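Chains: A, B, C and D, in written order; residue numbering restarts at 1 for each.
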Amino acid sequence: MNILDRIKQLNITKVNVQRENRIFVDTEKDKLISVLYGMKLIGFNQLSIMSAVDRIKDNEFELFYVLYNYKEKVNAIVRTRIPRDNPVIETADKIYPPAHTYERELTEMFGISVSGNPDSGKPFILENWKDKPPMRKDFDSVEYVDKHFVFRNPEGKNE
Amino acid sequence: MEKMTEQQFRTIGNMLRKRSLWMLHYCTGCGSMELPAVGTSRYDMERFGVVPYITPRQADILLVTGYVNTKTLRRIVTVYEQMLDPKYVVGFGSCPINGGVYWDSYAVIKQLDRYIPVDLYIAGCMPRPEAIITGFMHLMELIDKGKATGYKRYKENLEYYKENQRKVLE
Amino acid sequence: MVKNILIAIGLPLLAFGIGISFMGFKRKIGARIQRRYGPPFHQPLLDIIKLLSKKSDISHGIIYDLGPMIALGASILTIFFIPIPGLKLLTGSADVIALLYIMVIGSLGMGLGAGESANPNSSIGIARALTLMFGYDLPFVIVIISVLLKYHTTNLYAITQAQAGGHWAMWVLPLSAIVGFIVIYGAMGEHPFDVVTAPHEVATGPMAEYGGKHLGLLFIDHAFHVYIELALFVDLFMGGASNIGWFYVKMFVLFLIIVFFDEVLPRFRIDDAVRFYWRWPTIIALTSLIIVLIGG
Amino acid sequence: MNMSLMVLLLTPFTGGILSYLGGKIHRSVRYTFAILFSSLTLVELFFYYNKPVNHFVLGKMFGSVMILQINPISWLFAFIVTTISLLAIIFSVNDMEGRGGLDFYYFELMVVEGAMLGITLAGDLLTFFLFWEIMSWTSYLLIIQGGNKSIKAGYKYIIMSIIGANSMLIAIAMIYGKIHTLVFRNVAMLLAASPHGFDIAIFVLFAIGFFVEAAVMPLHTWVSDAYSEAPSSVSSVLSGVLEKIGAYGLFVLLYALFGVSLLGKLMPLRFPSPTIMYTIGWFAGISIVVSTFLAILQEDAKKLLAYSSISQIGYVVLGISIGTSLGVAGGLFHALNHAIFKSLLFFTIGAVIYRTGTRNLSELGGLIKKMPVTFTGTLFGIIALAGVPPLNGFVSKWMIYEALLQKKEVFLLILALIGSTGSFLYVYRLIHSTFLGQLPEKFKDVKEVPFLMQIPIWLLSLGTIVFGIWPGLAMNVIARGEKFFGITPIKYNLYGFPGGNGMGSLKMINISSVFIAGLIVAYIIFALGAKTHRISQYDNYAAGQVVTKDTKYNYSYGFYMFFGRVVNPVFKWSADKIYLAWARSANVFGDYMRRIYTGNLETYSSYIVVIISLVGFLILLGGKIW
């Protein structure tokens, strides 16, 4: 059976073959884990990367999991939308162990908490970060910089 | 008279010291790419006695290559404090000077010399190997004249530096 | 008496001078092999002065301070037992076998000091150093025994005397001399046997925490070490020499070969280095020993 | 001065009984008696320093006289026995505190001392064997004081010990059956006159007994368990003295029974070198190297020391087996030195265990700042053990090397030299993992051991220096002993050996003084530099990372793992495994036997019926069975 047909049998909302060997799979939040599991059964053995995009206009986060199938040499991107206020997702590290680390980064950079991942709250890259998660689009980097750092005086005079 | 001889002794010491500079290259950013070129046959920094060394205890120069973010700043301060006097800091590239292309980044600090005393900056993005060698020569001159006294400044203004470090690190 | 005191003061200075000149040569020749201009010839001396004149220093404890001192003291001790032309002050107090064990006092002191620095890199370095020593010791003792059997004496001075007139042990026992060279080479820690200090793996190993005057002492010790290894080989296999000049020339030729190899070789893994020493050098040394045993 | 040897022999036994009884009153009485009587033994022994006694009749048994004697060699071993036992008793006072059955423990310790003293003083095989048995059993009882695991270790020890003792008993019975007397002199005469075959059988049977006790490979397997599981002071007695008794036995066997008789009557050596002595030498040489390799890979401090003991006793046996004057002197000297430094190491490791409660090397570290005296003791111990000048281990090892070189035993010499280099590895591992490196947080409050436990450490450290720089002190006794056994002693002086006769010269005083001068020069250079300031162990190079208290930043587990990769393929099999395989096959055999001997009366009676009917059937056939 064709790989596309097998994907269509999963619990998904939309499949979009963008170009050869690149399939976008959209699904709903609560079906995400089952879809990922199904993808793994189909043969998408590798989680290349997972991250999120801040769709601030829709007040949603878009999660995406980039998967790869070594046998068919096909990339699949599983996407889902979660609400921006109080974002909680379920861990995928039982299916794809590398997700464990990506989820820690997700928590730190977007403030998306991951249930089932014990390390999700642990500091990952940022040390002693007290502000808003920096990858959210409403985080103003310039404002933060002005507040925390001192710019060099163009005349070369320091205080 | 006594003061004079001590002065002379110090001068001779500086004269010899400047010919043997061991550097610890703290390669945080893209600037480290330029260093191998400086070390290899074409530019050969070893002819001035500049040799890369491994641990902060052995090194004289702390070469901060490229941008410094808050996370690496903590390590840089640790490393700097582990080095033995006299020690010199060379800021390398435009990022340690004013943040460079990362001027609006929440993670990158804008002026290295607010946190540790910098004796010399080598400007440029990236500085060419020639610029690096010129920088070292200039540092040697400073050492010879007794002007490279960053380690003394750090001790004298410890409160100022610590305060600044605390502000970004905590 | 006055002469003895002069020798006692002069011999370490001479050894240091020879050793430091070789260190300088090494950097210069190495640079030229890599088509670089290289540092000035007196660069090692500048480095040592720089290190000794550092304005602050750290200490992890008494043994940490004592380590470099024991290493240097033991090196000074060792040079008194290696006869060089015209100067044989104490060669009657210990023979070659004793010399083998006098030479390790320094490593032990160094190991203790590095151990107290509480840095795992230092510990790994020392563990590697001892293992490497165990590795090259097997062929080395076989080589030493064959030389001792050949010349029927254990006195190093007598061995050099027996080789007078061009009858070098190198020509009489060529196989042993080859193995002896490989051993000396490894003992000097040059590539591919630089697993001990391996800067990219264990951050200069035993010296990881050492800096300032401690490191200065270790550099002085290294100069002595270079001298000791070369002089031992020259005395054992190249017939010593009749005057200091010849002695220096012989050591220089030997050193030149070592530098040529050193500059172009990569690095062994430590267990491979041990395996290497326990394979071919040991077999060749045993062959030579058996030849000595049969041929007398 | 007119004390008989009987008094000397009975002193420790009396002390044992008295301290046992005194312990019922109060523990201080027990300690007083134990220390008093063991030091009394030492004092009494010094009356015999230069005064050999040849023939002191103890009694008569089985028609054979029992004789005590003392000559310089037995004096040397008796000295080792009494000194180490005394120090072990002093060390035990604090070390064993709080354990049950201490009265009995001290009683056993004193009885072991007495028994070993008896062995060294024995003038005939019967006395020798009696004390040997006492020693085996009491030392077994001492080993099992160490807790649950030690019972198994003791079991292993006693089985091997019984095998050894029984083989000796067979030999003694064979001799007794021939001449009905067991005095060394008569035995020596018998052996000198007896045909080959008989004497080799006697020799092998004795050698098995001594090899077990001296822990020469392949009869060493009890050592690693027994030493590591026994209490520390017992381990040092076992390693420092018990092994030496095995070596003493071997010496007596080679030079009193099979060589030159006692009483100075010269007889040619029964086995000139390249026969049985050569075989013993090879056993010793293989012991040296193999156990060195094993010691390098140990993770347990006392196991490491146990394997190192096997290796070091190899030098003693090797030296004795060389047969030349220099070799024998080296072997005997090394016996003394080994007793000093190995007991020292067992004491210091015992002190560490006393304070930290663990002997696992990878758990320890950084104790130098907490236990400087123990560290100093260990330092002296390991330098002596590794055979590095200027301490005592070097001198005796050097003598053995020179002796081997003189006889051109090059392959044995290679083994001996390699064993010595290998010992650097494990001694560094020992001192590094316990005292150097990072101090774990849990041992932050460790203190130095009490003063009573420091005494043995101080005294033995002093011993390593004294016998290292002035080897002539020990050589005085050894040379007289050699003369007594009819061997021409080598030339020596207080500071070393003047050399000659194919032997190099050695002046320990020169080596140590030049070394000290070198140290002074180094110190001057050091003192001219900048002032140092102490920093904490966490202020350390970690590639910029900050080391905190909860980080273990220490290299101690699998210290020589890469070396293990080189040698492990060879060590897949071991003597212990071979014995276990034998034991297993014996078990299987036993199972088959049990099927026949079911313990059921009916089965047995049916056997009897079957056999009788079978015999009857054969008789019926005409009485022709075969």
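Keep in mind that, in the parts below, a residue touches a chain if its C-beta (ideal position, glycine included) is under 8 Å from a C-beta of that chain, and two chains touch if they have at least 3 such contacts.
Everything quoted here is computed from the prediction, not taken from an experiment.
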Touch graph components, with chain B removed from consideration: A | C, D
item: Contact-richer chain pair (by C-beta pairs counted) among B-D and B-C; value: B-C
item: Centroid spacing, where centroids are CA-atom means, of chain A and chain C in whole angstrom; value: 59
item: Rounded Å distance, chain B centre to chain C centre (Cα mean); value: 36
item: Inter-centroid spacing, chain B versus chain A (mean Cα positions, whole Å); value: 39
item: Set of chain B residues in contact with two or more other chains; value: 55-57, 74
item: Chain C: positions in contact with at least two other chains; value: 53-58, 203, 208-209, 212
item: In chain D, residues with contacts to at least two other chains; value: 539, 541
item: Every chain pair meeting the contact rule; value: A-B, B-C, B-D, C-D
item: In the complex, chain B residues that touch chain D; value: 26, 55-57, 72, 74-76, 78-79, 82
item: Chain B-facing residues of chain C, complex; value: 27, 31, 34-40, 43, 46-47, 49-50, 53-58, 199, 203-204, 207-212, 215
item: Contact set on chain A toward chain B in their complex; value: 125-128, 131, 134, 139, 141-142, 144-145, 148-152, 158
item: Chain D - residues contacting chain B, complex; value: 539, 541, 544-546
item: Contacting residues of chain C [partner chain D, same complex]; value: 12, 52-61, 63, 65, 68-70, 72-77, 80, 90, 92-98, 100-102, 104-105, 107-108, 111-112, 115-121, 123-124, 126-128, 130-131, 133-134, 137-138, 141-142, 145, 148-149, 152-155, 203, 208-209, 212-214, 216-217, 220, 269-271, 274-275, 278, 289, 293
